[in-house]
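My questions will all concern the structure given below.
Chain lettering (A, B, C and D) follows the sequence in which the chains are written, and residue indices restart at 1 in each chain.
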Amino acid sequence: MFEKLANMKVFRDPIHGYVHVDLRIIWELIDTFEFQRLRRIHQLGGTYQVYHTAEHTRFSHSLGVYEIVYRMVHEVEDLKRELSDFEKVCVMVAALLHDIGHGPFSHVFEPIFDTNHEEYTVQIITGNTMIRKILDKYDQRIAPNVAMIINHTHPNELLTQLVSGQLDADRMDYLLRDSYFTGTSYGNYDLERVLRTLRVVDGKLVVKESGIHTIEDYIMSRYHMYWQVYYHPLSRCYEEIVKAFFKRLRYLYDQDPTSIEGFPMFLPFIIEHPVPVEKYIQLDEPASFYGISLATKHTDKILSDLARRILERDLFAVETYVDQELEEARRVAVRDAGYDLEYYFHVDETIQIPYKPYASKDSDTIMVLRENGECKELSLVSNIVAAIVKGEVKDEKKMFYPKRIIKK
Amino acid sequence: MFEKLANMKVFRDPIHGYVHVDLRIIWELIDTFEFQRLRRIHQLGGTYQVYHTAEHTRFSHSLGVYEIVYRMVHEVEDLKRELSDFEKVCVMVAALLHDIGHGPFSHVFEPIFDTNHEEYTVQIITGNTMIRKILDKYDQRIAPNVAMIINHTHPNELLTQLVSGQLDADRMDYLLRDSYFTGTSYGNYDLERVLRTLRVVDGKLVVKESGIHTIEDYIMSRYHMYWQVYYHPLSRCYEEIVKAFFKRLRYLYDQDPTSIEGFPMFLPFIIEHPVPVEKYIQLDEPASFYGISLATKHTDKILSDLARRILERDLFAVETYVDQELEEARRVAVRDAGYDLEYYFHVDETIQIPYKPYASKDSDTIMVLRENGECKELSLVSNIVAAIVKGEVKDEKKMFYPKRIIKK
Amino acid sequence: MFEKLANMKVFRDPIHGYVHVDLRIIWELIDTFEFQRLRRIHQLGGTYQVYHTAEHTRFSHSLGVYEIVYRMVHEVEDLKRELSDFEKVCVMVAALLHDIGHGPFSHVFEPIFDTNHEEYTVQIITGNTMIRKILDKYDQRIAPNVAMIINHTHPNELLTQLVSGQLDADRMDYLLRDSYFTGTSYGNYDLERVLRTLRVVDGKLVVKESGIHTIEDYIMSRYHMYWQVYYHPLSRCYEEIVKAFFKRLRYLYDQDPTSIEGFPMFLPFIIEHPVPVEKYIQLDEPASFYGISLATKHTDKILSDLARRILERDLFAVETYVDQELEEARRVAVRDAGYDLEYYFHVDETIQIPYKPYASKDSDTIMVLRENGECKELSLVSNIVAAIVKGEVKDEKKMFYPKRIIKK
Amino acid sequence: MFEKLANMKVFRDPIHGYVHVDLRIIWELIDTFEFQRLRRIHQLGGTYQVYHTAEHTRFSHSLGVYEIVYRMVHEVEDLKRELSDFEKVCVMVAALLHDIGHGPFSHVFEPIFDTNHEEYTVQIITGNTMIRKILDKYDQRIAPNVAMIINHTHPNELLTQLVSGQLDADRMDYLLRDSYFTGTSYGNYDLERVLRTLRVVDGKLVVKESGIHTIEDYIMSRYHMYWQVYYHPLSRCYEEIVKAFFKRLRYLYDQDPTSIEGFPMFLPFIIEHPVPVEKYIQLDEPASFYGISLATKHTDKILSDLARRILERDLFAVETYVDQELEEARRVAVRDAGYDLEYYFHVDETIQIPYKPYASKDSDTIMVLRENGECKELSLVSNIVAAIVKGEVKDEKKMFYPKRIIKK
């Protein structure tokens, strides 16, 4: 049904050796404006401020997720059997496009401008885009099916699990990839063996008990990557400054719309709601950085200072604390030094939430297939995982503020 | 003389394990606008269009070159002995800053706008910049000494050899780094062993004969990286399109200066000559890509088409040929199809120059220290290297033109 | 005091890049009969029956442990300062020689013949050996000091901790090495970072709190290596067969001393007690395998069958069970099939003991140095480690018996 | 035709990730005495005396060669199409068993005792062995076909090329494996890409021209491995001592047969000619080392000294020279010091033969498939390879003699 390329195309990839493309539809999707745009959005936001080699983008990650799903549907016997050819194509497309709606600094940008990358992912797949045109050219049922996979509303839950579950290709790729590009060893686990232990029971993806140590290792990889890389205080700090920059920009517009005339790249996000998809996909990191660069000359001192800090990596001090009174004391000191607390004092709340490897809702757990045929939830089988799940909340918090406040 | 940091600072790096910083001067140089700007310039220009993970920047490469020189002056006995503390600091600074004058797409940009990244490197070190201020704070002799190292005019030739010779830290880092980030194995060689075989004879860097196979392997790594990565026809093709874009931009200005008013990031390069360093360093890849992105809506069909091709990776066809008549035939076909040959037909001449591992001038050769104490030029000792040097010119050329010209 | 070699000698090593030897005493110790003998004893006993590439020996591991201690005393600031030059030499020698008393299949061999490799390690260091001669040549205080380090009786506890504590060079090397040679990723952790976080507080080795995730990763590596490699049921099974072989040999001698005349390599272990060290070190794996090979032709059916099983890798079936009655049923079946239970039925008790990352005695814990200067035991600071410590006993056991008993 | 296992069996392997076994015949061949015996023969003879981690055996290499052929017949389109199922099984069996006739220290042992491992390989496959029984159980045509593949007499030359040509699975595995286990980077090349560029033209294996740089890299890997590892003078020296040991043993028997009564493991090689296969396969490295160990107590001073040197790694001095007179002078000095030149003075002739990447006979060249469909011999297409082929003979020789002769 789906036309194959005359020759398998491959992309050299340090994580997977090669990314294999044998279907013309996949090849054409890769060469669209929307997909190529992912080359201009870093996979790990500002983490490269801490791990300087974490300069990889959502483009290479997306190819990696596609490759893992490609292997799943070609190598895992249960999936080869349970999925139809149409479903296989849909889930490979979903894997390739699962991050297509991401914008620059998504996590800090979205709360300020009230956008949501997941919604835009669906809009780019189903809206008036090059991607949609290509999908429809092959089969008009693809776009809605892929959208359902991404929305977690597809009747065949298995498809969603492959792309976005507890044991999905997304996490499988990013742990290995982020580990490789940060140069840390934390995210390493045995992908080959994980793939070999996947089974389908009652239409759901499970792992064989014999692979439980490999899965523990994978869960631990996530745990370590969260603490060592994703939650690194300096990269959070950098993102808080970026967030403060956007907050200030919005504030300035609210005070006086003409004050941000020089920032056409950000304007739609301030004045249109919701931002239409055609405008949304124009904003990438180069556009943002060009805007930030212009802002270093803005007359508003706060905006220009924040912009300068971003470009010169002049970050805030990071302080770990338990005592609420210390937080209050710092807050006063920052204010007394003449800083606007709104932009110059940040408390990292997120970090207080202990890492939960998996959520409570039923569909989002890892099930283990025991030798006797029964399936059990992972934390009931693994002491290690149970420990991570039960892990108490740390009282520690972190606060960020200008370095000159404390003289050490 | 040079203040040490209270604690050695380290940067995790996949190539070197860690980059070690123990001097405050190095630490402060890293956190300047000019050095942080290198984070926004890809190490390999458009190569990531072919090797999608080659997304690393001149920032991480510069840290890597610094680290190798740091190791050289701390681990190679002859260098520890021959260099003064002041020279050691100068050569580490030179290593860190050797690429500081690079701009986006340097190789294609410079011929169009008549700039030269090497001159800007010296200007950034000696001009009115944050970098110069820091250097002078420690010792006013540093900036001129570093400039001489980079200009190849330093009286102690050894310093230049470490940063930019046939066996320099620059190449040593980029082969390993480009290999790691492209995911190819070609650039791998045994850095540990190369460092262990370095000696100084008569004030020049040489290698012990016992390390000759390691050096052959290093030379072969360069040879393979050139053909497999740096000269890859698709990445040359991409760069030709970028070059054509800038050429068109310049042409439009010459026709009508108002036609490029919307491109403030490129203007100084067109109207000022030479571009002052303060303006030069404002141009980075984000600014360029933002400009290219704006150009997709320009009324000039050629400019907007080239911009679109860059962003959608709609590259030209690549054809290898020997026969000059075929080239002529293609040229006619392209013109007949209505394309302006100036922008839509390119012949890759560079690729015809065989790879020369080292130049003829005396200072730029690798000398081998034999067991009997005599020094001999590498190609006289190694058959392999001799073969590469003598390698005949291939007659093959490559041409690039719009894909629709030939229907395969 | 201790003569340096004219040039640093290095051994290429896949784990550490190079093993560095700069002292003549170390160089001479390596080229002794006793140390070279370690080349003929596998590091992981019979594990290469399961992980076929685990063919590395105690020789390369011993060099690796030495290299880590070499780095500790040269790179860890607190150790550089706290240890005297004499202590540094002693601890490097202790690292190199810590396994010198190991024999083939130590764990299965020792209970049968009542030998103890730790005692022989001390005897080889202090007895009438080439090693002792070399040590004494340099300084007669070395041998007794090294013996005390290995015996855990040295007044400077720090020295023992480096070689054999919870965070010792022994484990640090074997996790990485066993991981590399089995081809698994489980044993990987960040050695560089562990070394960077070591401190000495009150004469004891501790880790800085900032390195706690790295230590968790290291503990998890041990946990995984135990379950995936060291406790692998098939390698336990192989060792049980080897043990049964030696048990039978001993039994035959007790019945009739002439029956084992053809096995001179094993005789001293049966007739002399204790076996003098000169005879002890004659037994290596080649001698054992030659003996086993001869035994395939012995008239005793049990001995020759066990020998054949060892050489042809004709292992027993492995069955996991909880139910004690099933064990009893199998035992009956094995006996009814005509097998002598003593040699043909084994229950793996060891595997029921949950992995304890560290023992209860005070000196054998990992202490964490917090930012406030206080030291706390690791499991009080890390949820993950606490979980492993508390891990309940699994009820599961494993039994091994001839495959023909059950027809699956 | 050939029964598949219920589940694919896999062996973890650091070079290939996994070795895949899906046919019962392969599984059964692995668990034979003859194949398991390869665990007791080092892949690189005495190289582990120089590269201490080169402790891997012919067992793991044989699995690796099998895996590469497994991939060739499953992944290379032209081979999938050109070979029948029967041929595929035969060539996989041939890959697995290609080294089955190797004995300990083959290269030094064979000239002394006039044995030939290639002949024994064929005898073990076709003789009265467990292996033959298993092959015949499946199909009586396998053994003769496999023997013909190994003998280079099979009518389908392609089968031989896969196992033993210029671009065969044997070399492909050993370069990567020896590189991994020595810890050097020299043997690394891009196996994935080599497999992807293989084609079959006129019943012969060729490589596509687009893969030529990968092949050059592979050829260079061989070149470097030869000089850095396989021809390493210290490992040659060790082998010369082993050779001298066997030579002396043979000499002693010729003088007085009773003098070697204590060496039953070597006897058949001295008194029977040819040695029957049943006896041949009893000799492995453990048996040899046990014999060498016994010899340290032999009354013949030369035999016992050589044995001691082997076990204590008390090697000879290695001297590189050009001048024939120097050789003569050393020879005199060695004799004058009371050494028997036959055993204590060796000239390494082999090292004078330059490395030839491929021989002149037609079947043993690498052919390159050009874009125009024509096939050309590799050295005509690649300058690098041409250079290696033409490489002149070095005049340098090496000689080995007891260290005490020259006092440096």
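In the analysis below, a residue touches a chain if its C-beta (ideal position, glycine included) is under 8 Å from a C-beta of that chain, and two chains touch if they have at least 3 such contacts.
Since we're looking at a predicted model, the values are computed, not measured.
Enquirer: Have a look at C-D versus B-C and report the one with more C-beta pairs in contact.
Expert: Result of the comparison of B-C and C-D: C-D.
Enquirer: Please flag the chain sitting at the greatest distance from subunit D, going by CA centroids.
Expert: Taking each chain's C-alpha mean as its centre, the farthest from subunit D is A.
Enquirer: Which integer distance in Å separates the CA centroid of subunit C from that of subunit D?
Expert: Inter-chain centre distance comes to 32 Å.
Enquirer: CA centre of subunit B versus CA centre of subunit C: separation in Å?
Expert: That pair's centroid distance is 50 Å.
Enquirer: Could you put a whole-Å number on the gap between the CA centroids of subunit B and subunit D?
Expert: So the centroids are 43 Å from each other.
Enquirer: Subunit A: which residues touch two or more other chains?
Expert: 17, 184
Enquirer: What does subunit B use to touch subunit A in their complex?
Expert: Per the touch definition, subunit B meets subunit A at residues 11-15, 17, 31-33, 36-37, 39-40, 48, 51-53, 55-57, 59-60, 63, 180-184, 265, 282, 284-290, 293, 308, 311-314.
Enquirer: Which of the residues in subunit D end up touching subunit B in this complex?
Expert: 184-186, 188-190, 213, 216-217, 220, 223-224, 227-228, 320, 371, 383-384, 386-388, 390-392
Enquirer: Across the complex, what residues on subunit D touch subunit A?
Expert: Residues of subunit D touching subunit A: 10, 17-18, 192, 196.
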